[in-house]
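In what follows, chain A forms one complex with chain B and a second complex with chain C.
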Partner chain A sequence: MSAETTPAAAVNDASLYDVDNPAPVIEAPRKRTKKTPKATRTNFEMYGWLFMRLSGIVLVVLVLGHLLIQLVLDGGVSKIGFAFVAGRWASPFWQAWDLIMLWLAMLHGANGLRTVINDYAERDNTRFWLKMLLYTATVFTVLLGTLVIFTFDPNIR
Partner chain B sequence: MPAGTLYRGREGMWSWVAHRVTGVLIFFFLFVHVLDTALVRVSPEAYDDVVATYKTPIVNLMEYGLVAAILFHALNGLRVIAVDFWSKGPRYQKQMLWTVVGVWVVLMAGAFYPVLQHTLRTLFGS
Partner chain C sequence: MSTPTLEKVEAEAQASPYITVTFRIRRFNPEVSAEATWQDFQVEIDPKERVLDGLHKIKWDLDGSLTFRRSCAHGICGSDAMRINGKNRLACKTLIKDINPAKPITVEPIKGLTVLKDLVVDMEPFFQAYRDVMPFLITKGNEPTRERLQSAEDRERFDDTTKCILCAACTSSCPVFWNDGQYFGPAAIVNAHRFIFDSRDEAGEQRLEILNDKDGVWRCRTTFNCTDACPRGIEVTKAIQEVKRALITRRF
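Coming up: the complex of A and B.
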């Protein structure tokens, strides 16, 4: 902030100032200074917004395909069992499908719930701990699901 | 209700509310679903036992509800993308919502028998 002030009457009188006697600089009201927090200067929320839309498009295909196979085609839920899972995960294509779907759906859902928590939990402490719970559950679920897909053994017995 | 979460009403707000509610429900199901699928690493019997609950009439009906939630969230999500990225999106947001609802009704009608056939067969014979 500039410490100098100028009498209002003199402001319009440009002839008062020259190279040796410059007019006082008026700092922009929201100029970024060294005190401006760094955390607010990333585009995290913009990338989050973009991720929701991009992952959403991919998830429409992956999830609706998954529902079609599991719940609609070939007798609906009747056919599901260990043997059915073993048959599907014998193919790297369906393993990759499920892995990508798991990661995208969990991150998409976690970011959605983060938004909901930020909207409704008004106390700082409540908000913080709800999000810690959310992040813990998300990391746990993603890692567990990934482990299961990669270590699946059709001959477990 | 915290301030600023209920505003203006009509199609724009209610589709947003429905998107939130379905999104949260789907996320909770996803969490449970990864846990139940993880039972394939325990034993085939443990997995088949939990899948047996998915085949009971009440849970089968809940699966139809899950399909309803996912279909709405997916179709309305595409509408949100159109509103955000298509230059005429905001102008047609209402028409797009009613299109979403129409497609949703058709798909739900089509999914009724395939999804619930297990229960229909058990309850009313083949």
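Coming up: the complex of A and C.
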């Protein structure tokens, strides 16, 4: 009636473990204990969650509009060149569009990656350094992009 | 090999309700080996019986060392949540005929908690999260001389989340909990919901504050694994979203 398909595995290392010397169990990652810190009483996570929803709605309009203008309308991608960009950034409207898109997209993406790191990084050290790398990259990109949008010189040589 | 013989065998098979089912069980015994292995058992069983009956047959007739939890065996105590054919279910509420007995039925311990032996896991982190949301009535002032009355509508508000049996099927199906046990998990939030929306309770604010933390409701990714897993049919994800909404409307 019974047919055991894997009876061999237990026999091989039977000498290693017994009743007095059991094998180590595999602990669940970062399990909750009595020492788990209690509430920090900040609303950061709530604002982060809200920001993702609100910026997402705005980004749908901004990014799809951006892609449409850049890639589809009026000759498509082949029209994009230095002159095209210079012409667009002469108008404060497109400057504002690109600035808002840059900030929202970078913060939206960074917050998303932050949650991914929080979910998947197991060790506190890995978690910390991955987040530091993420924040550095975000700040650098946002500042550089903002600088370019505001100081763009169409007569550059 | 003549046709009449075949027909006779088939007729016999139809007369008997029993079929042969293969149970593929994830075995782990730290006193024997550090490795968990799959072990197959073939059991003659009526397909209208439950997976738990199959486990009983194995434990009582084939291999007494098979270890699993079960108490009431009727879907109330929540002891026998396990991963059957890759989904978290109660072994005592899963009929063999409903999960394709033609193929081997895999039975594993629930994920995200430390496996102690075979299908038994360490539930302590799960209950610690449960305790941390204060799942008991908190009121101010003098105790009334009679029971605390409540309208039918007020009771209806949190009716769904009173059904929880703390089997951990939802929490151990949550991908966030698998990776980070610091997350409260669906079950703790469901049991906080039960008191947050109870008109008789006066510590809803306190519980909301606990769940507003970084390991609270904002870590929920709304994958609906918990709603799918709940053997009591609680709309777990909806309850979590209601707590989120309460947190947001509280502030704005």
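Observations
As a working rule, the second predicted complex is superposed on the first by the 118 of 157 C-alpha atoms of A that agree within 3 Å, B and C clash if a C-alpha of one lies under 4 Å from a C-alpha of the other, contacts with A are read in each partner's own complex, and residues count from 1 in each chain.
One rule holds for everything that comes next: a contact is a pair of C-beta atoms (placed from the backbone, for glycine too) under 8 Å apart; a residue touches a chain by one contact, two chains touch by 3 or more.
All figures in this text were calculated on a predicted structure; none of them were measured in a lab.
Of the two partner chains placed by superposition, only chain C is touched by A:30; chain B is not. Contact with chain B, but none with chain C, is seen for A:72 once the two complexes are overlaid on the shared chain.
Of the two partner chains placed by superposition, only chain B is touched by A:151; chain C is not. Shared-chain residue A:105: touches chain B; no touch with chain C.
In the superposition on chain A, A:120 makes contact with both chain B and chain C. In the superposition on chain A, contact of A:80 is made with chain B only, not with chain C.
Common to the chain B-facing and chain C-facing surfaces of chain A are residues 119-120, 122.
Contact residues on chain C toward chain A in their complex (touch as defined above): 29-35, 37-44, 61-63, 112-116, 122, 125, 128-129, 132, 175-176, 179-182, 209-210, 212-216, 218-219, 221, 244, 247-248, 251. Only residues 2, 5, 20, 23-24, 26-27, 30-31, 34-35, 37-38, 40-41, 43-44, 47-48, 51, 54-55, 60, 63, 67, 70-71, 74, 77-78, 80-81, 84-85, 111, 114-118, 121 of chain B touch chain A when the two sit together in their complex. Listed in rising order, the residues of chain A touching chain B in the complex are 53, 56-57, 59-60, 63-64, 67, 71-73, 75-78, 80-83, 85, 102, 105-106, 109-110, 112-113, 116, 119-120, 122, 137, 141, 144-145, 147-148, 151-153, 156-157.
Chain contact summary for the complex, chain A toward chain C: residues 1-7, 9-10, 12-14, 16-19, 22-34, 36, 38-41, 43-46, 48-50, 115, 118-120, 122.
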